[in-house]
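The two complexes that follow have chain A in common; it is paired with chain B in the first and with chain C in the second.
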Partner chain A sequence: MSEIGRLSLLIAFLCAVFSVGSIAWGLRTGRVGLLRSGRNALWAVCGLTLLAVILIGRALVARDFTYRYVAEHTSLDLSPAFAFASLWAGQEGSLLLWLLILASYGAAFLWFYRKRLDPFYDAVAMVVASVAVFFTYLLAFVCSPFRMLANPPLDGQGLNPLLQDPGMMIHPPILYIGYVGFIIPFAFGIAVLLMNRTGTRWIEEVRRWTLFSWMFLGFGVLLGARWAYVELGWGGYWGWDPVENASLMPWLVGTAFLHSVMIEQRRGMLKTWNVALIVLTFELSIFGTFLTRSGVLTSVHSFAESEIGPWFMAFIIGSSTLATALIIYRKALLESENRMDAIVSREGSFLFNNVLFVALTFATFLGTTFPVVSEAVTGAKISVSAPFFNRVNVPIGLALLLLTGAGPVLSWRRATLSVLQRNFLLPTVAGILATLASLPLGLHGVYPIVTVFGSAFVLTTVVMEFARGLQARKDVAASRGAMAIVELMTKNKRRYGGYIIHLGVVMIFIGVLGSSVIQKEAHRPLKTGETLTIGDYALTLKGTEQKMEPGAAMTSAVLDVSQKGKSLGQSRPSKAMYFKSQQPMTEVALHQTLGEDLYMILGGVNDDGTVSIQAYINPLVSLIWIGGIVMVLGTIFTLSDRMRLRREEKEAV
Partner chain B sequence: MNTTLKIVLVSLVVMGSVAYLILSGVKQTGMQYMTVTELAQMERAPKPGGFRLDGIVAAGTIQYDQKTPRLRFRMTDGKEAVNIVYEGLMPDAFADGRDVVVEGTFEHADRTLHATKLVTKCPSKYESDALGEDKS
Partner chain C sequence: MTSGPRRAAIAALLALAAAAAFPLSARANESAAGSKEDPARAITSQLICPCSCGEVLSGCTCEVGIGLKGYVDKELKAGKDKEAIEASLIAKYGEVILGAPKAKGFNLVVWVAPFAATILGFGIATMFLTRWVRRKRVVAVGPDGAAGAGTPGAKAALDQLRARAEAELREMKE
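And then the complex of A and B:
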């Protein structure tokens, strides 16, 4: 079986190489047969990769320890689901998953555009195939998941306990769907340059693909935060860890692109900038994979230190150099059709949105790679951590929050003073009122106050936009009542989908503010019957429980939790001792409400029989998760418009 | 004033402020990586919070008072060793021989580092060579 797996990856590599060569030759000579063979070869890459995944997946579930990868990442006590999820616990498997998603995007692309005979789309397929060449090469020759052991062990080394969590099972694939998806916008961008393509149609197509990946990447980032919150047991959800930063950076640049691309569609401006943003988003996705998998920086996530680092560096440097050269070569194609009329305008706000997003990415990049950079420049290995990112990124993020409110209500080309007055008066007043109202809650400092002001400002502008839309359709609105809002939104899905996403962003800002500024903490060893109080809550220790779980022994503290004398039932913060790794895992107990989370950690059972309990009150954390879901829903709403467009297009054909 | 010029000026102001934030951020929060030997051989204690210490938990030196909670251990790089005191819960992956990174204040007199932050690097056993050779 392993020979078949190895062979499938080898043939996949050859098919990818053939695909690139055949399409390139076809484009030169105009022979349609070559283009078709090239496309078919990309289909073959997809099928062969799927075969390899099925083979390694079968070995993982069957716990076939003759495979090195299986022996390294699973054990007999794992459930079949976790055993299969070990596919992305190690480096070889993760790369294989990467390739599978890449090939699936390639297949989806080929399927959606199967009726288009325009060679432009063949050029896009060629770029996808070129990236597949890189990944199939790595998997076939550098780190094969199909290495076999001379002396297979009776049991495997087990899966890291941190990864044995349902959230962790879906987090990497979701994140990868986001990361890898930027291949299609990148391929479009490169194909436009290669084929000297004019017109803006491709921009609309790229927007759809970008939105899709952007949604998954954002969702993946938040899933990671959620996982850190419930699994790592330190009361927080974001630590500016290199791997977290790695997933955030392409998302930030992708967000910048999604905004500035609107200027290109509407005014034919910023073309070079947009292509550069697509390329940068893709390169940062590859860089993110590289950071996660190469262990080049100190991080709790880097489980492997490996030989693939130089390959990734070479790929990033090579592909970005080629892309830059192409952009310079096709300068004329990317010339702006218009000039900016005024700085206080929709275009102006988008431009600053872009400058800020790129600055945010740059600061994050620099902070993440600082040990390496400082060692190269000064010889001293200096690192920066959370305080640096909070200091630099928070003000930039707040400036972006204010722009979120201002941008949508500024008119295109030039905003007149009367428009400014009309659109800004109410949101500003609302912002000031919200700030005054929140002062008694104990907010100190400029940033929290700006967050409250900005959030209220954005909320008001969004409500005003809805009201204005309804006003314009007054007659309809009167007769249809609540349905009028739905009709209004479906009339312009892109616009109102965008507003929904902005609402989600505001919720996340408020959630971050609440949990970082007004967090409470308490800890104490408790005897049975004793009570730990924190805020309104009282946690009374009833006793401890021991339980055996597959692969681990679980110790739990049983706590009666009450709030202001009202019982909230029992909570069981626990520690699991995993037999394989001899490592304890803290299992947090959470009592979540919209307003605040009660977060309970079992420190351990002490020699004298007391039980150490640590508790946090994290206000408004739920808003972060709900905000994330709102953003996803807003994106799906926006994308649904594209689906309709495509249907119409098909009917027209 | 010309719009292009205005855009350039405002962008410069924005980029300048970001550059200022980054530079001052590095200056005030940047921490130098040190090995235990480097720290032990210093004449004076480094600035509190200005460094991160990399090393290994010396075997048999862990004393954990779970009730306080307070964790004491010796950290070594094979040559020198220093005492670490950390007021907080013991991280899950903390054990003899593990790679750890600590930050805090170093008391030169009793060669003790009062850690405010303790990070345990993941054990590398998951990628170890314990499984032996590949089948050829």
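And then the complex of A and C:
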């Protein structure tokens, strides 16, 4: 079977090379047969990669330890589901998943555009195939998952305990669907430059592909945060870990693009800037995979030793250099009319929003890579972690929050003084009122106050936009109440989907504010019968429990939890000692409500028989998860804008 | 704004103020003990666990982290201040224990560059915006609504403006 696996990846590599060559030659000569062959070869890459995934997946589930990858990442005590999920636990498997998703995007692209005879779409397919050449090469020649062991062990090394969590079953694939999805916008952008294509219709297609990937990447980031919250046991959800940063960066630049693309669609401006953002988003996606899988920076995610680092660096440098050279070469194509009526306009606010998104990305990139740079320059090791990012990124993020409110209420082209007065008065008053309400309640400091003001400002602008839309439709629509809102939203899904996303953003900001600024913590060793008090909660230790789980010994503290004297039942924060890795893992006990989470951790059982318990109250943390779901729903709503799509399809045909 | 949307917006505003006040009031009467104002936490939240876990010390649950948190508590009780405790930890583990590098020497770059880049970005954006606004042709329109001096060029510009207004109105109706 391993020979078939190796062969499938080798043939996939050859097919990818053939696809690029055939389409390139077909575009040059105009021979339709060559273009068709190139497209078919990309289909073959997808099929062959799927075959490779099935073969390695079968070996993982069967625990066939003759495969080195299986022996390194699974063990007999793993459930079949976790054994299969080991596919994305290591470097080779992750890259194979990357390739499968890449090839699937290629296949989806070919399917959606199968009736388009325009060679431009062949050029897009060629760019996708070019990236597939890189990944198939890595998997066929550098780090094959089908490497065999001469002396297979009786049992494998097991799966990293951190990954033995149901969240890890879906977090990496969702994240990868987001990361890899930026290949299509990138391919469109490069194809436009290669084919010297004018017009803006392609930009709407790119916007939809970008939105799709952006949604998955954002959801993947959120799942990662949730996983960190329940699995890492430090009371938080975002530690500015290099790999968290790596997933955030393409999302930030993608967000910038989704705003600035509106200026190009409406005004035909910022063409060069938009192509640059597409290229940067894709390069940061590759960089994220490089960080995750190369082990170049130390983090909890860097499980694998690098044998692919130089290849990735070469690919990132090579592809970004080529893309930049193309942008410069086709400068004339990207020239815009670039005329504006006024700086104070929605266009202006979007441009400043872009500056902030890119600045936030730059700050994150610099902070993530700086320890390596600093060590190379000064020779001394330093850390750049949460304390740095909280000081540098938070003010930039808050400026973005304020612009999130200002942008939608500024008119396109020119915002007159009367428009500014009309649209800013209520949100500003709401912001001030909310701020004043928060001051006597213990919330102080510039950042919390700006967060409260900004959140109230944005929420009010969104409500005003809905109210204004309802008022405008009053004369033409007879429906009232909820139906009127539904009708209003379905008439312009793109606009109102955007507002839903903004609502989600505000919820996340409020959730972060609550769970970080007014978080409470208590910790101390307890004897049986003693109580730890935190806020309104009392945690009384009833004793400890020991039990055996597959692959691990579990120690739990049994806590009677009550709030204001009312019993909330028992909670069992635990520590699991995994036999294979001899690694202790924290199992958090959570009491979740909409208002706050009670987060309990077992520190350990001490030599004197006491049990160390650590507890946090995380106010409003549920708003982060709900806000994330609201953002996903808003994006789905925006993507469902089929009427516009159909109209454009008709125009295209 | 007409009265309907204004009423809705005022209602939303009041609801928002109430919503903002509710969760915060729940926390208002609690003491600062164990909160972010805890002096031990003020120190440990700025440090990184020196073992390979790489966690911020305040949230670290590994043995090394718990040991160091105990050390910080002990030193605070002994009357040492934040600077003295940090200095003793840096002497033992090196600057790598700080969650953010000190803003001096080469490490100043990481503190200055993000804000410098943001200011530079704003400057460049403003410069481009100003240039694009200047490029916009100004059409003088007379009090009767006719274009400027009635020149053919001005009339064409006015027609162009009318067409644009109609297109935007159509777009709004959609």
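Following the convention adopted for this analysis, the second predicted complex is superposed on the first by the 626 of 653 C-alpha atoms of A that agree within 3 Å, B and C clash if a C-alpha of one lies under 4 Å from a C-alpha of the other, contacts with A are read in each partner's own complex, and residues count from 1 in each chain.
Definition applied: a residue touches a chain if its C-beta (ideal position, glycine included) is under 8 Å from a C-beta of that chain, and two chains touch if they have at least 3 such contacts.
Quantities reported herein were computed from a predicted structural model and do not represent experimental measurements.
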Could you check whether chain B and chain C clash or fit when both are placed on chain A? clash
Have a look at where A:Arg391 lands relative to chain B and chain C in the superposition and call it first, second, both or neither. both
Once chain A of both complexes is superposed, is A:Leu459 in touch with chain B (first), chain C (second), both, or neither? second
For A:Ser581, decide between first (touching chain B), second (touching chain C), both and neither. first
A:Gly236 contacts which: chain B (first), chain C (second), both, neither? second
In the superposed arrangement, which partner chain does A:Ala150 touch: chain B (first), chain C (second), both, or neither? first
In the superposed arrangement, does A:Gly288 touch chain B (first), chain C (second), both or neither? neither
Going by the contact rule stated at the top, is it chain B or chain C that touches a larger number of residues on chain A? C
Is A:Gly603 touching the first partner chain B, the second partner chain C, both, or neither of them? both
Contacts for A:Gln614 in the overlay, against chain B (first) and chain C (second): which applies, first, second, both or neither? both
Looking at the overlay, does A:Ile382 come into contact with chain B only (first), chain C only (second), both, or neither? both
Enumerate the residues of chain A that count as touching chain B in its complex and touching chain C in the other. 233, 298, 300, 339-343, 348, 351-352, 355-356, 359, 362-363, 366-367, 370, 374, 380-385, 387-388, 391-392, 396, 523, 586, 601, 603-604, 612, 614
If you look only at chain C, which of its residues touch chain A in the complex? 1-2, 4-6, 8-10, 12-13, 16-17, 20-21, 23-28, 30, 33-36, 38, 41, 45-46, 48, 52-56, 58-61, 63, 66, 94-101, 105-107, 109-111, 113-115, 117-118, 121-122, 124-126, 128-133, 135-136, 174
So in the complex, which bits of chain B are touching chain A? 3-4, 6-7, 10-11, 14-15, 18, 21-22, 24-26, 28-33, 52, 66-67, 69, 89, 92-93, 95, 101, 119-128, 130-136
In the complex formed with chain B, which residues of chain A make contact? 66, 68, 71-73, 90, 147-151, 153, 157, 160, 233, 298, 300, 302-306, 339-343, 348, 351-352, 355-356, 359, 362-363, 366-367, 370-371, 374, 380-385, 387-388, 391-392, 395-396, 523, 525, 581-586, 601, 603-604, 606, 608, 610, 612, 614
Spell out the part of chain A that touches chain C in their complex, as residue ranges. 232-236, 239, 241, 269, 298-300, 338-343, 348, 351-352, 354-356, 358-359, 362-363, 366-367, 370, 374, 377-378, 380-388, 391-393, 396, 422, 426, 429-430, 433-434, 437-438, 440-443, 452, 455-456, 459-460, 463-464, 466-468, 470-471, 474, 491-492, 514, 517-523, 534-535, 586, 595-596, 601, 603-604, 612, 614, 619-620
